[in-house]
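We just call them A, B and C in the order they show up, numbering each chain from 1.
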Amino acid sequence: MPLSLAEESFLNVSLSQRPPCRSDGRNQLQFRPIDAAAGILPTTNGSARIRLDDGGECIVGVKAEVMTVSRGSDVVNVEVDCDIVGLPANSPLQNLLCATLEMAIKNALPSRLLRITNKYRYKIFVDGIILDHVSHPLTLFSMTTYLALLDTRLPRLAPDLVGNDNDDKDEIGIPQFSSDWADADRLCQNWSPPLVQLGIVVGKNVFVDATGEEAEVSDGGLLTVWHDGRVVGVRVVKTRDSSKQVFSVSSISNAVEVLANASRDIEKALKGIISY
Amino acid sequence: MASRMEIFSPEGLRIDGRRWNEVRHFRCAINTHPVSSDGSAIIEQGNTKVICNVIGPVEPTLRSRVVPDRVSISVKVVVAPFSTIDRRKRSQNDSRIQEMCSSIQHVFEDAVIAHLFPRSQIDVNLYVVAQDGGVLQACINATTLALIDAGVPMYDYVCACTAGMLDREVLLDLNRIEESDMPFLTMATIGSKRKVALLQLEMKVQFDRLEPMMAASMSGCHHIRDLMDNEVRKHGKSRLERGSL
Amino acid sequence: MPMLTVHTSTDLFSSSRLGHRAPRSAKEELDSEDVVMSDADSAEPEQESDDDDDRIFSLDHTETGDGDARVTGVVKSRHIVTPGELVTAESMWMRGHGTYSVGLKSYSSVAGTITRVNKLLSVAPLRGRYDPKIGDHVIGRIIDVGTRSWHVDIGAKQAAVLMLGSVNLPGGVQRRKSESDELQMRAFLKEGDLLNAEVQAVFTDGAASLHTRSLNYGKLRNGYFFTIPSSLVVRSKYHTFELPGGVDLVLGVNGYIWLRKHTQQLGEQGVSITRLAEEAGWEIYSDENEYISPSIRENIARYANAVKALRYCEVGVNEARVIAAYEASKEYRSPGEMIENDVKKRIAKHVLLATKG
């Protein structure tokens, strides 16, 4: 539903004035409260759900499958897919979400974490359903994926096989796994998943966790990929059909700094949900 | 057939410890997504979990969906790739899913008092997030609850339940392992009377064994109706109490 | 202030890994004995259980207490009925919304409470979309411009209609509508525009027809729009309020809300309304906002959050409560603090205490 011209100009002036005044009074770095749960689906290796107070909701399930790899190959096998309800398959938004997340995880995930034996690796499937979104779903999807990966556990090899698989000469069948789920390894024992944040730019101001109407009056958006305490990727995104997408260098570096601070906070909050 | 013993033991116990006429652990909640939809529900039957969102009745978004004398209902089922033990991505055009959508749509076109809302549409979105048998029945039950939450007038609850036939034994509300091992039917009833809204049987079964299967699944439907009715009343009471503040 | 507050779900998803490879903890017993299909033939289809008879709506169950069979007025029952439940088997009652009849018996078609107005029994659903009534002051958004009318979204089951003949056109009431008006309808109201209007008529299928033939109604500007469920709006004589802090609230009965900077309404300038209506110019269809100071903008955000706090706690919204919530919110220096759920609860609690009695 488009906004009326009067609404649009009201929001635009509110957001671009200094200091800005968001329609719900938040400051530029403040997120709306979220409702989060991890480990909700028994058929997955890891799962999470996050709901926003505007009704936006995302469920992510992580599944690991055993794959054979040629000796010495170092490929990180990750596939990210999501279904955005109300949009057709392969919509630009879906492609943006999947491609961004997949690239971010592939770059951040060391291949040794997926190693089973020399011949077998895990392939990780991250599948999301975005049940509803009012604001841009990228941050929502990324946060839910982050939480689901934190929750992910990979089964260990059965104890009697661990000793002799190092020089797997006669490794024939699919490896046997320990059936004790409680014994499975956390994927994120010593690793943090990447986090993608979308900020919107209005005039000289940058905002995190923009509502749908805020994105509707924005000049454009900027996404950052945050991993291991620093920003490892930046991209300019269109937040509405008529957005300008032309930023000055100073506003981009300003936005990156704002988003980095926000990512640090979110990472801390999300990690607090899962207790090891 | 070594597995036969496990599926139904001589002591009369099934693989998960139930007797023949017991339904699985059933939990439901309504009004779970008050912000994003007009009516919503979550159903859990055993390890099968389904979320339902209902939008409407609203003005049709497409001219082609305008029916002059009744409400048009469209059903969309999203089966999550992670809902099964082995990951499987199904496209929206998967014929099994399409068929399930149209079955559900036909059931509710009869159950909803459709002439009250001419020229409007109801969108039913179902999300199967975990499946362990009985997906169709869980979808139907979830849709009923979500429509009730949306305040859409219906003649009665529509409740669905499966029943299978193992040799001469009827088993009620099958899980995934049982479903793969025996012929089974899904039946949906309207209300606590003996009115059948849907009957689906896709495997060979001897004709004289059909009746006991139908009888069993009907009693399962009625039982589920009671469970859902309890939840609706509980929710209604808590709403009234809050409203009286 | 925390940058992100995380709550953990309390619904069905909260039970993590429930039933994962674990023996089932709760078994639902099926109390039915062996069901044999041949019973079906003998069973009467319309058989009612004893339980249903208790729920029949008869006068003994109403809360009037005086037992007079011809009590008039509105009686609301606190008892919940659900779809398919028998409401009454007595033929003396008229059947209203939310019921259907089979023979002489009436059943409920929704989950809700029974309301009796004189001899009319109806069931009011617990939730549902806005149901337009004649005289309601509503806010709507234009979704479609037709040949001689606009389609307006008012959050109801069908879009409402605003006829070209039901709006004030620039040039006053006496002006005749011409063909050129039909050709430039987008110059008055276009897709996305917000307006407030009164429900003039309701068609038999439930769709509403609106009019804006008063200077209280018309295109909205200088403010911010959001929605609440229509069931939370407390109906009153007026739905436009001037609030402290230089803000006006238009509380649409349909749950659509407009908060704007307070401006001198045309009618307040001491000239007769009729004369003004004649002189109404193009400014009533302007898209330009006036200058709105940052402090007014902050007050609008504060009021919006105050109403959203009431929405979160499902407290009915009226003028007194909005003002009470605004006053309570002054405890928080920035309106942004009011988005936290426990702050919302605290504000709603305060409001209920302050406006009691």
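Just so we're on the same page, contacts are C-beta pairs under 8 Å (C-beta built on N, C-alpha and C of every residue); 3 or more make two chains touch, one makes a residue touch a chain.
Keep in mind the model is a prediction, meaning the values are calculated, not measured.
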{"item": "Touching both chain B and chain C (chains)", "value": "A"}
{"item": "Pair of chains joined by more contacts [C-beta pairs], A-B or A-C", "value": "A-C"}
{"item": "Whole-Å gap between the CA centroids of chain A and chain B", "value": "32"}
{"item": "CA centroid of chain A to CA centroid of chain C, Å", "value": "37"}
{"item": "Overlap residues in chain B, where contacts from two or more other chains coincide", "value": "47, 49"}
{"item": "Chain C, residues touching no fewer than two other chains", "value": "13, 19, 143, 153"}
{"item": "Shared interface positions of chain A, touching two or more other chains", "value": "42, 53"}
{"item": "Residue ranges of chain A in contact with chain B within the complex", "value": "41-44, 47, 53-57, 59, 61-63, 65, 81, 83, 85, 89, 125, 127, 129, 131-132, 134"}
{"item": "Interfacial residue positions of chain A with respect to chain C in the complex", "value": "1-7, 9-11, 13-14, 17, 19, 21-27, 29-40, 42, 49, 51, 53, 181, 262, 265-266, 269-270, 272-273"}
{"item": "Of all residues in chain B, those that touch chain A in their complex", "value": "33, 35-37, 47, 49, 51, 53, 76, 78, 80-87, 89, 91-92, 125, 127, 129-132"}
{"item": "Partner chain B, residues of chain C touching it in the complex", "value": "11-13, 19, 23-32, 34-37, 40, 43, 45-46, 78, 80, 82-84, 98, 100, 107, 109-113, 125-129, 143, 151, 153, 157-159, 205-207, 229, 314-316, 352"}
{"item": "For the chain C and chain A complex, residues of the former touching the latter", "value": "1-9, 13-14, 16-21, 141, 143, 153, 191-194, 219-226, 287-289, 292, 294, 297-298, 300-302, 304-305, 308, 334-341"}
